[in-house]
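My questions will all concern the structure given below.
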Amino acid sequence: MQFLDDYSGIFVRYDLRRERGEAKAVVADDVIMQQVIECVVDGDTDNIESVVKKALETKDPMDVISALVKGMNEVSRLWAEGVYYLPQTILSSDAMLAGIEICEVKMGKALDKKGVVITHTAEGDIHDLGQKIVNALLRANGYEVIDLGKDVPVDDVISAVKKHKPAMLTGTALMTTTMTAFEKISKRLAGEGMALPFVCGGGAVSEEYVTGFDMGIWGKDASQAPLMASDAVSGKNWRQMREKYNS
Amino acid sequence: MAKYTSMAYQSAEEMVFGTAKFPVKYGRDFEVGAGFVYPELVPHPRPGSEETKKSLVREYEKMVNDVLERCVQLGFPGIQVELEHVYQMTRNPDWGGEIAATTKRLMEDYHRKYGLKSAIRATIADYRKPDEENMRSSSALGNMLATFEASAAGGADNLSIESMGGKEISDYAIVRQDIRGVLFGIGVLGSRDVEFLWKQIVEIAARHGATPGGETDCAQANVAMFMAGGYLDKSVPHTFAALCRAIAAGRTLVAYEQGARGPTKDCGYEDPIIKSIAGVPISMEGKTCACAHADMLGNLVAAVCDLWSNEAVEYHDMFGGTTAAVFTEILGYDVALMNTAIKMGKEKDLRDIMINSDKYRDTHGFILSPDNAYEIGKAIVTNADSYYTRSRAAAIKAAELMMSDQRLALSEFEKNTLDTMYKTLLGLPDKEEDFIGECIPVYQKLVKGFKPSNYGL
Amino acid sequence: MAKYTSMAYQSAEEMVFGTAKFPVKYGRDFEVGAGFVYPELVPHPRPGSEETKKSLVREYEKMVNDVLERCVQLGFPGIQVELEHVYQMTRNPDWGGEIAATTKRLMEDYHRKYGLKSAIRATIADYRKPDEENMRSSSALGNMLATFEASAAGGADNLSIESMGGKEISDYAIVRQDIRGVLFGIGVLGSRDVEFLWKQIVEIAARHGATPGGETDCAQANVAMFMAGGYLDKSVPHTFAALCRAIAAGRTLVAYEQGARGPTKDCGYEDPIIKSIAGVPISMEGKTCACAHADMLGNLVAAVCDLWSNEAVEYHDMFGGTTAAVFTEILGYDVALMNTAIKMGKEKDLRDIMINSDKYRDTHGFILSPDNAYEIGKAIVTNADSYYTRSRAAAIKAAELMMSDQRLALSEFEKNTLDTMYKTLLGLPDKEEDFIGECIPVYQKLVKGFKPSNYGL
Amino acid sequence: MQFLDDYSGIFVRYDLRRERGEAKAVVADDVIMQQVIECVVDGDTDNIESVVKKALETKDPMDVISALVKGMNEVSRLWAEGVYYLPQTILSSDAMLAGIEICEVKMGKALDKKGVVITHTAEGDIHDLGQKIVNALLRANGYEVIDLGKDVPVDDVISAVKKHKPAMLTGTALMTTTMTAFEKISKRLAGEGMALPFVCGGGAVSEEYVTGFDMGIWGKDASQAPLMASDAVSGKNWRQMREKYNS
């Protein structure tokens, strides 16, 4: 086989040209809090437990939690600037959540969540990876996620919404032949006099399709989910959200 | 009027994709025919988006962005986007102008951010109606010229058109297998209209520092090829369609005699002949324009191209992204293959593989195979007394080539058609004035609305 | 369980598109890997058509007819159509069966009328849910096996599947860059599930005189590749995705050890490695599957293919005809180019051009370049003690290849990821039982619903 | 350049394999009528005039006309069987129509047509070739064609329908951006309480689109036009015709 040494004119490695955001910059008032933050920023799920426990010996649980969250905010920045990739973000959120759990035990009560979001993958569809990412990112941002899983019958979605009264509902579908369930859900909800932001995403799902039925808001990327959830929690209705995200 | 009397290339063997005798440089670090092949992506707006200027501009903004983003995602060095005007964009010059400006803005962003090379072709819609209006003074013509201005001002690098001259006659003749009518409609009337139009386009381009790009006989030769269709179609004989193509070369060539510099228009299947004569870089389309129409020379037609196009794809979602992104990807890899061959010094191997794929699949591939295209080119430059003589010579040469190569299998019906057409061609007058004199009364009687004055006759 | 311990080819140089060590013959005069490449067209029904059996069968009837008609129109010698089941076709075995029968009827018509060669691949949908049900006894499994029966009885020539074993673990691990988890989910659990499934598929195929076709690690390696995406994506590092691919080769290989004979499943990008070991004909997809998803090795991936596919295209109208016809045309010309090269004795020139187009474009193209694929294959057959050892060896070899070739440019981030993964891989236990012992408790804790019993553990 | 001698495996010339229908077989009671028929079958527009005039010296115009039509029927058969291509058909129809005209002069009155059809190409669209073929084939089959031409404003189509009360309306469009006029026409007609079969065709026009609005019937090939016209004239409504041609 003959191989070239010079590939110019065939392809350009644009990925190498891109400027990187500045590296991690974490600031804390003292050493132990610094360690807590670093555990989150580094997604160090192995040591987070011991470090947080150590911190709790001297610090108030709420302060430790805000350190954990501070670390997570730094991670979000690094991801946004392209320094971090998705896995770093998810590992950090794993670490943060583990840390928070320990603090909650110490406090004897669970931290109250920013709001409730129900997620599911369409009936007949087992492509749930996008949904799993959405779950992780929502949890990382302090939302209570009710995960209905994949291949969820329309009925189950409706009754879950009735039961939990979430601020937002999400659906993932990767097949055009299963996404049709979203429209049914929208109709059923309307029929029951319910209206809430229903964010739909997934490879096969197009903006064209989702904005074609009531409540539908198209989600292009899982990373949008937290911001969407906060809009929903802060009372934006689906029309306002569609206006914001789909136009 | 000055005509080509010699070939740009010494031989067909010299011709290959990626290199033209006279490269053209424009746009953002974009040079065509200078050693590499680039993709030319042609997106079409969705029905409905043409209703308002705002919605149409927005549609183009989305489409062009998808194209440029996919290029960067996959590492394609550069791309040309054709703004092939739908009626509304030419009917309203400012629409065409603003869409060109929007496209340019996006391209500049990607060039600044990533160094992506790019260029814009604006193809104005020729919506003059030869059989209903005065083609040299109608309001349609006024709008077309105004739109060329607006597009160039807006940022179009390459000005092109698919012109209509002679269409009223060729439409009548093609469906009646009337080779004389085709020769008159394409070879004579078409050529005269191209001359009339391109004088003005070249002048406009010069004024705006844009490049006068390409012409194509889509209006006539593509109708014939298109109706000839595939092995199962029975609309127009394939040998007849091939003759129409040879004749079209004489017509399209006029644009370059008037100062057009290419890259030529993608749907001009006659361009391999044009390149052999004029040496301008050519844009071609084949297998990857299946989204727009089928042809029977999907690989061969790339053999000597400088740009590689999809002709047109309507904007819709597919599993892999929008059609604009999807066809950018396919074209991009097609040209990556050609460019790799060039870098490896194997470009002529790949060229010959492309040629052998289709040379004997059908008559169109046969006459456009570089060796035959070159022969037809020679017939054109050695019969340069008039538009008529050279078009007729091209047709006669094409016929002789088809009749003399045993490897080109033809059905009885196709053979008979070819023989009849060949005899008819030989029987026609030698002088243009005699031919014109013979045709005018005949077609005035047969074709309602045909006005010789539209062609300065 | 018997495992491959030697390579089918003496060297990578020996491998080229169109020829496989062990050609497969089935369908209507259809032979794969015996000297020519054929297109494999995969049409997908429009949303809504899946609602009733009648409408879905009708949809397939239209799609398949468009495919076969375009082949005859353009002169393509033969084609394979994949019926890639949507959920409903497997959920209701008789649907899948009737659609196979309808497809066969149409193919027989075209074969009788024109001599068009053809074959049918039925790919059953594996809709078992590893984290929710018992994968070795669920009703989903029952339906799947029943649908294999019905499809074979209906006329499917090739039975294939994209199986799900280990997905619950790999889904968790891929988005966390946990290479150990990937090795466990793909290399160990995936391999065991493939063994379990293919024993039964091979048996069913034998009973119906169908050919046990191919497996693919779409469920895992394609998720990684897909998320790694292009130059602008930041979901999964490209070096990590390449390691997932190398590991997947060990998993997919199991199907052929169980008796599958190919042609393999198009979306198994690991197939060049499979071909180097097993010598089965492989179906690949690249630039012309842009309609289904983007990849960064559009040309290279065709270098050693025997079938050339579009992965999947939803049925819609384009200017040039329906998407089914349009992609048949593009694939048809793609393979015409390869077959012409073969006839001209230039197939290795074209192969090398394809390879150089993408070998250094991205990590996936790099490790699947035949020379590197062959090296990874050798690592697999020389570490055949267990599914684990060979998958790990494949990953280590892939990492070493990426680290040692200076022409493969990597960003700092990608380099660091690769180093870390490489160290982790080296640090893992040497024996499968130790590795399994280490992983089970860890992932039972981390992945809700993971049941070792699903894998006979 | 290197050229192969053997192309097997690269492409198959299916066109050469196809069996041809049997050749022309024309039968007439006597010599002159035989000539009339042959002029039509051969599409001999040069001699049709003299031959028909000669026939009229001894024959009744109506008989000559039926001979002309007989010839045309033979042509249709040859086309259907793939012996003839479209041009032969159009030339024959040119010849037949020329002949009929002469007979009509002799009779002193025009032959009454089978029915009236209005054809047009959509507003903004100058792709009228398909329409021209449709015109020719309809005329060849004895229908009166009112040809509105190309780029026809919706208003003009509506008023033409009001004025001529055709049995059928046809539209041709080759651009998806112009075919949208068909839907407008359908709505306008309905608005004015009119309903007739509106056959739409042209490269860009899909069955999916045309069957999406009232009165729309999708025409795949111009050769269908005559049969469709006879259905319309014989009183089939658009629903029945859509059922017949589009499913």
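Letters are used for the chains, namely A, B, C and D, taken in the order the chains are written, and counting of residues starts over at 1 for each.
Note that in this section contacts are C-beta pairs under 8 Å (C-beta built on N, C-alpha and C of every residue); 3 or more make two chains touch, one makes a residue touch a chain.
Computed from a predicted structure; not experimentally measured.
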Count how many hops through touching chains it takes, at the least, to reach subunit C starting from subunit A.
1
If you average the Cα atoms per chain, which one ends up farthest from subunit C?
D
When centres are defined as mean Cα positions, the distance from subunit A to subunit D in whole Å is 61
Rounded Å distance, subunit C centre to subunit D centre (Cα mean):
50
Per the C-alpha means, the centres of subunit B and subunit C lie apart by a whole-Å value of 40
For subunit A, write out the residues touching at least two other chains, lowest number first.
2, 4, 7, 10-11, 13-14, 18
Using the touch definition from the top, which residues of subunit B touch two or more other chains?
44, 72, 74-75, 231-232, 314, 319, 336, 339-340, 343-344, 352, 356-358, 361
Graph class of chain-chain contacts, one of line, ring, star, complete, other
other
Residue ranges of subunit A touching subunit C (in the complex, touch as defined):
1-5, 7, 10-11, 13-16, 18, 20, 79, 82-88, 90-91, 94, 124-126, 128-129, 132-133, 136, 149-151, 175-180
Sort out for me which residues of subunit B touch subunit A in the complex.
35-36, 72, 74-77, 114-116, 317, 319, 336, 339-340, 342-344
For subunit B, which residues count as touching subunit C in their complex?
44, 69-70, 72-75, 229-233, 286-294, 296, 298-299, 312-314, 316, 318-321, 323, 325-327, 329-330, 332-334, 336-337, 339-341, 343-344, 346, 349-350, 352-354, 356-358, 361-362
Spell out the part of subunit D that touches subunit C in their complex, as residue ranges.
2, 4, 6-7, 9-14, 17-18, 176, 203-204, 206, 208
What residues on subunit B touch subunit D, complex-wise?
12-13, 44-50, 86-88, 91, 127, 129, 132, 164, 171, 175-177, 223, 227, 231-232, 234-237, 240, 314, 351-352, 355-361, 370-371, 407, 409, 411, 413
